[in-house]
Amino acid sequence: MKNTFGSALTLTLFGESHGKAIGAVLDGLAPGLCVSEESIAAYLALRRPAGAISTARREPDEFEILSGVLNGKTCGTPLCIVIPNKDVRPGDYDEMRDLLRPGHADFTANVKYGGFQDARGGGHQSARLTAALVAAGAILLDALKDRGIKIGTHIKRCACVDDAPFGDIERDIEALEYKPFATISDEAGERMRAAILDAKEDGDSVGGVLETAVCGLPAGVGEPWFDSLEGVLAHALFSIPAVKGVEFGAGFSISDMRGTQANDAFYCENGVIKTCTNNNGGVNGGISNGMPVLFSVAYKPTPTISLPQETVNIRTMESAYIRGAGRHDPCVAHRARAVQDAVTALCIADMLTVRYGVGYFTK
Amino acid sequence: MKNTFGSALTLTLFGESHGKAIGAVLDGLAPGLCVSEESIAAYLALRRPAGAISTARREPDEFEILSGVLNGKTCGTPLCIVIPNKDVRPGDYDEMRDLLRPGHADFTANVKYGGFQDARGGGHQSARLTAALVAAGAILLDALKDRGIKIGTHIKRCACVDDAPFGDIERDIEALEYKPFATISDEAGERMRAAILDAKEDGDSVGGVLETAVCGLPAGVGEPWFDSLEGVLAHALFSIPAVKGVEFGAGFSISDMRGTQANDAFYCENGVIKTCTNNNGGVNGGISNGMPVLFSVAYKPTPTISLPQETVNIRTMESAYIRGAGRHDPCVAHRARAVQDAVTALCIADMLTVRYGVGYFTK
Amino acid sequence: MKNTFGSALTLTLFGESHGKAIGAVLDGLAPGLCVSEESIAAYLALRRPAGAISTARREPDEFEILSGVLNGKTCGTPLCIVIPNKDVRPGDYDEMRDLLRPGHADFTANVKYGGFQDARGGGHQSARLTAALVAAGAILLDALKDRGIKIGTHIKRCACVDDAPFGDIERDIEALEYKPFATISDEAGERMRAAILDAKEDGDSVGGVLETAVCGLPAGVGEPWFDSLEGVLAHALFSIPAVKGVEFGAGFSISDMRGTQANDAFYCENGVIKTCTNNNGGVNGGISNGMPVLFSVAYKPTPTISLPQETVNIRTMESAYIRGAGRHDPCVAHRARAVQDAVTALCIADMLTVRYGVGYFTK
Amino acid sequence: MKNTFGSALTLTLFGESHGKAIGAVLDGLAPGLCVSEESIAAYLALRRPAGAISTARREPDEFEILSGVLNGKTCGTPLCIVIPNKDVRPGDYDEMRDLLRPGHADFTANVKYGGFQDARGGGHQSARLTAALVAAGAILLDALKDRGIKIGTHIKRCACVDDAPFGDIERDIEALEYKPFATISDEAGERMRAAILDAKEDGDSVGGVLETAVCGLPAGVGEPWFDSLEGVLAHALFSIPAVKGVEFGAGFSISDMRGTQANDAFYCENGVIKTCTNNNGGVNGGISNGMPVLFSVAYKPTPTISLPQETVNIRTMESAYIRGAGRHDPCVAHRARAVQDAVTALCIADMLTVRYGVGYFTK
């Protein structure tokens, strides 16, 4: 349903990059959940550009909760959170207004909206809107944590540099929390950062892969057809700007395995059924099996780069060259981590509400 | 919404593998579309097991259209198609009823449905239900073809053997149509088949990757957030049994590129804006750009194998060994191709209806 | 969503009056609910035409459950129920195919479906499809009764004759159950029947008002905006053919009251808060208050009558006269009662599932 | 879906009566529609309390459009409109916080939200939120008018005084536009106002019935089952606070007619098929027939009154008396008219978008 996502717990997104504000409405929240403005601010800080490896745009991300919260607790009614746009320079985009930025949505938005879209800085399609996703997600991440469900994301690969794999997942998630550059191996993180700066110096950009783990999700969540755990998560994850691939467990590499390798054998430990391996990423037949849910998401390199690129002027239909104006990131992977956590929390909280009702969060 | 998928054009799936029948209800179809029973039968034949590389279960897939069609044309009302189960041997599953098959949904279904599910042959979660998807999809594939939109899928990789890549896509799609083993290179197909037979002889199974191309889709289809072309397709594709990954365009490999490589430069040809490369798979910012839509889907090896596997008896909670009983495929990739086409047609037809109303198909 | 209704528990309707079959898919059912074929047959019998006051069409309504039930219990997967059409005489409609029946949907269906609809006997818009609603509703009525929620409907008014009002509602519901002509006062029922026969003899038809009571619904069900208990029920009730009005509690007459009369004062009895009167029909602000939910539904007289009526020939666009061919009812109120019960059960079961998850029915 | 309504064009409502702000997000709007802030202000003025017959609360209803509009035209992206609460006196509600107001949602909200709701002035369930509905509706009313679809509502009955019936509907709609007390007969309006003042002097309140006409809606809009024109409108209308009944055309009185009277005979005028009467209110079988759509909505008397009423203290569970504190209206009918217009516009615009796509508004 367009800019609204979710079944029992829904998020509606609005705003444009250089308009008055961006924001989100969260509906279907259980009443009585704690809403910590500190926590929201902390998650927003993780998404905010940081130093040389990020854009120079500086948004304080001062948010305002307009509804749905009283005395620090959810009312059970729609929670609207608004983040005004402050560091707006729409003029940056004037001279290149008619030049279609390769890899961006300028052309497709133009066709879809017939030229009436707010094209400045990507408008409604700007990654700026993910700040609203993160703010809403922060509330859900906290609510899930209170119920023993922990979500964490690391930069699995960036600029062709690999991070260490998940080991003790719960501990890794804890260590990653609030880490500004979310790698499991600090050394790998250093090398990634260096590679990002290299690309930046070349006027270019790099991409990456982010891997998320969800621990503590009970078995039995998700539907066999269509609203499978994988399908719902993938649906939402592909909304994050720059995402071009989603895989669960062993993902694409499972298609090179044989059944004997790929199948996760069952065993029983203290009355709980577990699997020896987790190639299926905690999901069988669309439904959670109680093992950690694991998935990886591929981000393309930031399309805005300083190097000149061939394109078309949409007004004159003539060939042209474009260079990245506006402020932009040489890599989005490290910032996208907070977004991926937030989107995951939204899906998981929704699917738990579908299965158990709002009571899941109030018991 | 559980077993119903789509916004303006919806498909509802029902049935169990060894119950009376499986089927689907397609709602939101434009009136006046041709429904060819020959065409439905031909698509079902593509999905049906074929020779040594497939299961020995033989389902004639005789379908019956119960509603929504008069004199060979859609009425515009819900079309219900039913496929009775004929070659049913639920007894095959008796002796291993309590043994959780690794890689299958036995355990998760048991938790979700509290033991009330029809467990025979995977029940509602069996790939058998994809026959209903294919039957419904056949109607949509024909309707889309009439509007100049062509969909085709090839086995990009199977048992570690690569097919040739898409070249002249429209011609490739034509050549693939009704090909029983859908590779672009016949020679690659031969090697894949041999590798499948090898695995079968070992009592094992293999996986693969299927790549789909959609040609002729107008630019401007899809939403910027949530109901992006990628998100909606991925959501539906992850419902196909055994799917563990979905990627668009260059997919995961785009995350290793730099922006200069990944960006698809624009040019203008006869007044139409196109891109020089298609790393973004025909989608920018969630919206189609008029280039072929390209995506790849990873299938895991068939979980049912003849080799013994470690598992748990759900009744006694004791360790046990299981060997694949029932009839099964050493590989699903070649049969899944018809399913992937069908699911793609459902999503594309739905998104066109969202944008243009049912009039899109009647003009 | 067109022919699918519900949020967490959905019903999808398909079929045409003189096609092969009609049917419904119920999805989102809790696993383990008893499905009694006797009970379904009994409810269908209540809807079936009975004697002189009904149509001469005789449908045995032999239904078949194709999926979702095993050993008499729901699996938790989609339940598809099909009722083949047996007593089909499409020829009845041949001579008047082009004559728009006043009060029917012939004209509007023609515009909507561009002439491709199955026009025989009203096609997809025929009240025949309510048999599928009743069959599905029977399962839910039984499931709700098991949880202490009882639903009953009486013919409040028919052919200008009033029934006695609800007194001891629980007892009235019990007495109405399986009563073929559902009045609280048998004497009023006799007079209604006589008035229906009068109209029939005149070649005419009559309408009526059906009132439903829901007892045992816990307080707190329904949403403040949009998915209010009243809104959801009204949405579904207006789908029943011939319905032109829906009112809750005192309904239209409340608008003539003053606040002092209309307000239902609260009191406390054994720790339970109740209201002294029930002018609000058990709903405040869209949410159930624990009192019986009460609503009345207005049915127009059957549009098909034997007397000649002025109309237009849609092919020639010339004036014409039409007389009711086909078989038809002089009144639908007594048969609609089973439909109104079924639709109510669908809405109530859905809203309970939204609030509590499927667990509501399994605990 | 809780606080979101609509299929292709959706409205999401948020806010509490005495919180920071109320607002709405409209999604699915066609791009390029004119958004007139004057027009929004004019509609809001119609809803605003006026003089002695209304509450003393004075809200300037200064709204702010946060997104989705550029240079006075819709972008095609979500439009968020926010109306800050200014004249807030939450203290008014302190002393009676625990006293359940009869006829209000205090009790049901308490059960549903477990005491976490914002109870001040009805919180999220306050009629205050209809200001956001009206603001959003104003945009749609203008867009529909541009396409030749005119919507108007009059006070059909108030405090037992009847207005004159619709005559020349298009002219009546024009005359009603911006009329502060929307009666067709000014004399009837005077008598209604006097009766409202009478009730106010008695410390009591009155109700009324509002009738809406929609002219210019093309035939063929609406679905046969579930998403009928009547069902969708009724669903939304029952969300308006105080509504207890909805009827189309002759409504409840049609159930006292015979078929010969109730049926609307067809005739042909200049190639257009019309009906001689309009007892069916412009809808046959759930689908518009091209005649004016007509429906009436029953509003109960304002529950807040100055006279003492019996109730319960929710904290102590003891009996208590309550008198209306806070500021309130002796009648809501005249203010609800703008709300009823807005809700109608939302439903009609949505259903046109479902049928024709966003192109309906851009052609």
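Letters A, B, C and D name the chains as they come in the text, with residue numbers starting at 1 for each one.
Note that in this section a contact is a pair of C-beta atoms (placed from the backbone, for glycine too) under 8 Å apart; a residue touches a chain by one contact, two chains touch by 3 or more.
Here the structure is a predicted model, which means the values were calculated and not measured.
Set against one another, A-C and A-B show the most C-beta pairs in contact at A-B. Of all chains, the one whose mean C-alpha position sits at the greatest distance from that of chain C is A. Here the spacing of chain A and chain B, counted between their Cα centres, is 27 Å.
Mean C-alpha position of chain A lies 45 Å from that of chain C. Chain B has residues 1-4, 7, 13, 77, 112, 124, 224 in contact with two or more other chains. Partner chain A is touched in their complex by these residues of chain B: 1-5, 7, 13, 100, 102-105, 107-109, 111-112, 122, 124-125, 129, 157, 160, 199, 202, 204-209, 219-228, 230-232, 234-239, 241, 243-252, 254-268, 271, 273, 275-276, 279-281, 283-290, 298-305, 307, 309-312, 314, 317-319. Taken in their complex, chain C has these residues touching chain A: 7-8, 77, 224, 353-360. Against chain B, in their complex, chain C makes its touches with residues 1-4, 10, 12-16, 19-23, 25, 27-28, 31-32, 64-68, 70, 73-80, 82, 112-118, 123-124, 362.
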